[in-house]
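I am attaching a structure below and will ask some questions about it afterwards.
The first chain written gets the first letter, and so on, giving A, B and C; residue counts start at 1 in each chain.
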């Protein structure tokens, strides 16, 4: 391992981890509150990447692309929640896994149809690089770290300081008690689901310029998203962030120590941690509903 | 009798196992009614049906308030709570990640009823613990919070499921005092197995055995004379 | 089914044949397994209508899909890592045929044994996990297995290039099974055995207990059943089928490579299970035919199979339908044909 690769690897791993956080927090929150495994978050990630790309291409503004993505995905999320999830909240987890997986397949197919199979290189909205701890680090990645940090603070503020957020935190613990206080639990579900979809789509939108965008990125992100969420502890904001950074760093550092390990290290870590603490790093034993 | 709640011919079952048979009871407004019965007799099931967390296989529950009556069976539980029916569950579980303040905030949210002073007048200790997270409260403090919570947002009737269970005698005394104070302002339907408590608080007692109402005691004197041990 | 045959037989002039036929149909065993025999005959005759390679692929895939189907339908366990168990069987057979012996039958048996032992070891640990963890851990194990095959054990497995041993496979009872024609007969026989065995298990007391364990674990525990053991047995049988499919792939192609157990294929298999009808006996077969046919056809519409399959998955699960088999049953009852429903 070359020592002068260590600095870049750590920074790159950190920014990769930020993307993982954005993609995984949705799944984590959805499970925590609604006890569903929303694998379709990968679909919103995929759409986020493509919609932002297309709008940027058409209008020249990446930020407009982000806005349009948020709007469209929020609408889609509302629709999906109403049509698909509304009726299966009480069913076993396996149902939601299969249904959301089916929807993911569907969206991948739609993406294939609209944009084709060829991988698309997406231009980063921010160019150049800055010297950071002696390393030449792309400004766009600095932006990703900053924006993820901001989003994390926003989510934290939402969950801890707003009444809706507090209701959601209470609902993660015991939905029945929340209802018995007179709060409409279903509305909480809708809000949480839409927020999750938007966050996942932002993950995709920001990830686009870092990878070659093609329809199957929706599938390849699935395991990493799932592992990050479970590793951190389903329902835990802090846990997902920590787990995401760990996964990002592990993959990045692994690639300079022993390249083949990038594929396998996350899964090894995942299995080892689960053996020691089955509820994940910061997870608590969530009551069955 | 000014009835606030009328349970009419309610049957209930878990899958095929029937647990309640033709339950019919009338709860009088601003009086304290108590249900006694063994564990598994169906008391909690009845509460859950009234609160809307479970559907009866037949029968109706009529809630009357402000000169309006309606059958609340089939309504979502939060709507039933908004009507004024507050269910305080047996498990004494408050939201552990939320502080006392936040617990009360949530309870006050539906009607923006921020008359916390009323709650603090009954449970002054909660004011001291206001910023403590639910996880760090003792059993008695949690029960105070649970009942305190249910007093916000203008309740009409409180369903208390074994409120004294597992609490130290000192705390029980305190709770009895509080309940005596609120007795005349709020209707109470309590499930209790603690006989001295029943004798002190109850205006009316229903005995339930194996899913059926087997006896009713309407008189304070009747209640004092009755031996409830046989129903426990 | 019986009535239809009755009607056909009734048309024949010879009363004795009719009487004999009736005796056969009424016999207990035929009632139970008659459908399987008919299906096998149809599959066998299909060789006159479609290519042998297509049929061979369908048969092997359907055995693999049956593994996933049994796991989900009777065990209530969803796994996103079934290709791992296929790989275990495939590589066990491959290693035997590459390094040790040349008898394909022994190769298959080695594959099966490897599958069972592996499933026993892994299952004992992961069966207890909650369903989403179970699905995910299987996926993670799948990825690790894939990595082991192409990197860690590359010395033995030849890494990504895979192992080629076609010429090493000896004839089985004098017949060279690597020839498409002969493999087909071999595969059909194996399919027959698998169908019979699976049907037997499904209809047995064990099968009923499995279905009960899926929905009402608590009640069953109170009755004294060991849920863990039940699910473990389901898991082992399912892994056995997956390993069998892997071994068959190995024999058929005389070649194995890591991409056979790509984790990415796991999703497709789950989709095929649902499409064909989860929990049914012939669902996997139907599903495999549809999936392979859909992929082979090169028209523009079918190229976007994900849209169709994905949409179907969502619809089927939401309506709790039994996939193609459910569809067939629906059609049958619609036209009030008095056949006993297909399973």
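Odds and ends about this structure:
As a convention for this text, a residue touches a chain if its C-beta (ideal position, glycine included) is under 8 Å from a C-beta of that chain, and two chains touch if they have at least 3 such contacts.
Keep in mind it's a predicted model, so treat the numbers as computed, not measured.
Across A-B and A-C, the chain pair carrying more C-beta contacts is A-C. Remark: the per-chain Cα centre closest to the mean position of all protein Cα atoms belongs to A. With centres taken as mean Cα positions, subunit C sits 55 Å from subunit B.
Chain geometry summary: the mean Cα position of subunit A and that of subunit B are 42 Å apart. Distance between chain centres (mean CA atoms), subunit A to subunit C: 34 Å. Taken residue by residue, subunit A touches two or more other chains at no position, since every residue touches fewer. Residues 163, 166-167, 169-170, 173-174, 176-186 of subunit A are the ones that touch subunit B when the two sit in their complex. Interface residues of subunit B, counted against subunit A in their complex, comprise 51, 53, 76-78, 81-82, 86-87, 89, 93-98, 102-103, 105-107, 109-111, 149, 153. Within the complex formed with subunit A, the residues of subunit C that make contact are 72, 76, 78, 129-133, 135-137, 139-141, 143-144, 147, 151, 263-264, 267, 270-271, 274, 304-314, 317-318.
Against subunit C, the residues of subunit A that register as touching in their complex are 31, 37, 84, 87-88, 92-95, 97-99, 101-110, 112-113, 219-220, 223, 226-227, 230, 260, 263-264, 267-268, 270-271, 274, 278.
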